[in-house]
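In what comes next, chain A is part of two complexes: it sits with chain B in the first one and with chain C in the second one.
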Partner chain A sequence: MTAIRQGWAILRKDLLLEMRSKEVFTSQFLFVVMAMVIFYFAFSPNIKNLTTVGAGMLWVAITFTSLLGLNRSFVHEKDEECLDGLLLCPVDRATIFAAKFIGNFFFLTTLEVIAVPIFAFFFLTGTFLPNLGWFLLILLLGNVGICGVGTLLATISMNTRARDLLLPVLFLPVMVPVIIPMVLATNYIFTQGESMSELSVWLYTMAIFDIMYVVAGYVLYDFVIGD
Partner chain B sequence: MKKGVVWVLGAISVVALAVSLYWIFVVLPIVSREQTGFSQKIFYFHMPAAIISFVAFMVTFIASILFLAKKDFKYDILAYSSAEIGLVFGVVLMIFGITWDKLAWGVWWTWDPRLVTYLILLFLFGAYFFLRSMVSERMKQARFAAVFGIIAALDVPVSFFSTRLIKNVLHPVIFSREGFGLDMNMTIALLLAFAGMTALYVLMLMLKLKVEHMMEDVHVLKDMIESRRD
Partner chain C sequence: MNQDKLALDVRSVSKMFGRRQILTDISFTLKTGEFLLIVGPNGAGKTTLLKILATLLSPGSGDAFVSGFSVKKNPTKVRERIGFISHNHLLYRDLTTYENLKFYGEMYGVKDLDARIDELLNMVELNHRRYDTVRNFSRGMFQRLAIARALLHKPEIMFLDEPHTGLDPHAVDILDGMMRDMSSTTTFVMVTHHIESTLSLGTQALILDEGKIQYCSDTGIDLERFRSIYGKVCGRGIEHDCD
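Our next item is the complex of A and B:
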């Protein structure tokens, strides 16, 4: 019970901070929309129907945007030495991970709630609405994977000399086993693939990696935070 | 470490690799064009190198877990020594692989699942060493590297099983329940190359560990001299 209360306190602090400053959300939103505009000009000369490359565009935009948020979630802790204060509190390290993970997940999901409809409006011609439920499940699984391993790796990179420079180097290769099924499953939804069994293979792969990464983050967090 | 062991391992790897080369180029006939012809001979060094690099990364994985559990630096040294040798075998494997690609299929690179997952694995262990170089404090460096080593090694089974899980893969499954995809002479050549490379890996790991332990000792002695001087 105490763990939930403590976790909620950390989460509430992050939410309040973001609600008052809105700095991460604003920059992420601008970034993701600009990325879409650039994609349009990069692909449109050769590809008539952008739905066919839609899945790749969507996930490249989201993955790179998530890097901004993951870095920010620890930069402000480090700058004012808030992290040391947090570590001095009698809080389990795993609870800090859980709170940060949920916070990152919440921010990324909020961003997608606004960015994905804009994306669909700009690029998707074919109707994917009958499969909307599956699409939301893919987004959910993708977000869990990104935030699970991202929270852990952001903490590591924040405590090194390179600081936020290191996160993409560590994060992107680790994310590939999640990104590949994510893109393939989304592509299936956008282009209305043939068999349902294909989709389920990718969903299982994502779910397995999500579970592995979140559990690894929860168990290993004790070793990466503080001294 | 006994000097005799080094000599024995060295002898095993030299003899086994030399005999396997003889077997590959002299004893074995050239396979048919459908089985990629002369370039198929790369296979006998390609597959053992792949397995050794997987084993090396798994050693890193286990040593990383042991380090986090016991906080003993000897496991950290084992972890990164094995990762380094794994990376060497991995790069050699990639060179064999793309050469074979070019000779057999006429392209340097294909986006085959096994190739992609293996390339990512190399990037992961490249990042592992980049991470190490970015932390100067010894304890923190070892802890971070161990955590990242564990996460990176989760990709090893994916790469290993990618030929079994995904259809339309260029890499054949050699060992399966139905039996063995090779005849007697091919098996001998493969096993000889495998024995030679295993001995080479163990030898390299032993020498690397010795050097690294010496370096740790030198650091300790240097620190002692520094503190005397002040």
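Our next item is the complex of A and C:
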């Protein structure tokens, strides 16, 4: 119960800070919309059916947008060394990871609630709608992977001078095992929308890596956030 | 309060940052209810020692026991028992006074939190600013709120890292008054450069230089010896700050 109370306090504080500053959401929203607009005008003259490149476009936009949020997820803790204040509290470091992970997951999912319909407007036809449930599952699994490994690596890069550069350098290679099945599974939904047997392989792959990343973050966080 | 109980038991603590030796074989004890002043020139290792005792850094070797709990093996138990005030106030600028204290109070599991917040805000004279975001607070107001934050959970031991830095006289009065009021029930460890003004508070003193103990009082501060060693280490008398 103590861990839940403390985790909720951290999460609520992060939500309150973001609601006041709107720093992360505003920059993420502008970035993701601009990326989609640019992709649309770059590809639409040459490709008749944009659905065929939609999966790649979607995950490029979401992955790079998530980096903006992950980079900013500790900005309030660095201000006036509030991280020391947090670390001085009698809280398990894994609880801090869990709260930060859930916060990042919430921010990214909220962004997608707005960004994905915009993406669908530009890139998709209605053929994927019967598989909408599977598409939402892919989004959620993708978000878990991004936020699991992203929260851990954002913590590592937080104390470095070149953190804006270091996070993508660490994050993108580690995310490859999740990004590839995310793109393939999404492409499967967008282009075929019928047989689910191949899709399940990609979903299982994503789920396995999600579990690995979240468990690794939970277990390793004490080492990562300490000195 | 059991005056014979050890509040601090530091055993052969050493610490390196990379190849640089910051602390070398630091050992001392402090009884409950004492007020320890840690002084020394810049780079002596004072803040590093304080951060190890507060579990913000781990000792490279050796161990330290705070209220009987090892900073290595039981850091959470240590954290429950300590308060920490530094020249950084550790407060979230976009939260209000009340929200900052509420957050930290919930992290410490403070019972009857609202009443405790009221009590502390009255003590640091910030009750009239309880719903203001702290972003525009003056340095003195930040530090007064930092005092309230550190006292929320009624810590047994207070660690203070140059708490007087940048404070206006009113905030200094509040801080010193708080320390005097609590001195009968709380153990204090203060890193300071303001020797002249804080020597009256201290019951024990420790002089650090280049990560080594140069002077450590045992049964009260031997002022003559303290002045002599302080003068050698800092190259000036205690009427001057050692920085």
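Please note the rule applied: the second predicted complex is superposed on the first by the 222 of 227 C-alpha atoms of A that agree within 3 Å, B and C clash if a C-alpha of one lies under 4 Å from a C-alpha of the other, contacts with A are read in each partner's own complex, and residues count from 1 in each chain.
The rule is simple: a residue touches a chain if its C-beta (ideal position, glycine included) is under 8 Å from a C-beta of that chain, and two chains touch if they have at least 3 such contacts.
Just so you know, these numbers come straight off a predicted model, no measurement behind them.
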| item | value |
| --- | --- |
| Touched partner set for A:Ala216, first chain B, second chain C, both or neither | first |
| Partner chain(s) touched by A:Val91 [first = chain B, second = chain C, both, neither] | second |
| Partner chain in contact with A:Lys13 - chain B first, chain C second, else both or neither | second |
| Touching partner for A:Lys78 - first (chain B), second (chain C), both, neither | neither |
| Contacts of A:Val224 with chain B and chain C, given as first, second, both or neither | first |
| Touching both chain C and chain B, counted on chain A across the two superposed complexes | 227 |
| Sites on chain C touched by chain A in the complex | 54-58, 76-77, 79-80, 82, 84, 86, 88-95, 99, 103-104, 106-109, 133, 149 |
| Chain B-touching residues of chain A, taken from the complex the two chains share | 149, 152-153, 156, 159-162, 166, 169-170, 173-174, 176-177, 180, 209, 212-213, 216, 220, 223-224, 227 |
| Residues of chain A touching chain C in the complex | 2, 5-6, 9-10, 13, 16-17, 20-21, 76, 79-82, 84-92, 226-227 |
| Footprint of chain A on chain B - complex, ascending | 68, 116-117, 120, 123-124, 127, 130-131, 134-136, 139-140, 143-144, 146-148, 150-152, 154-155, 158 |
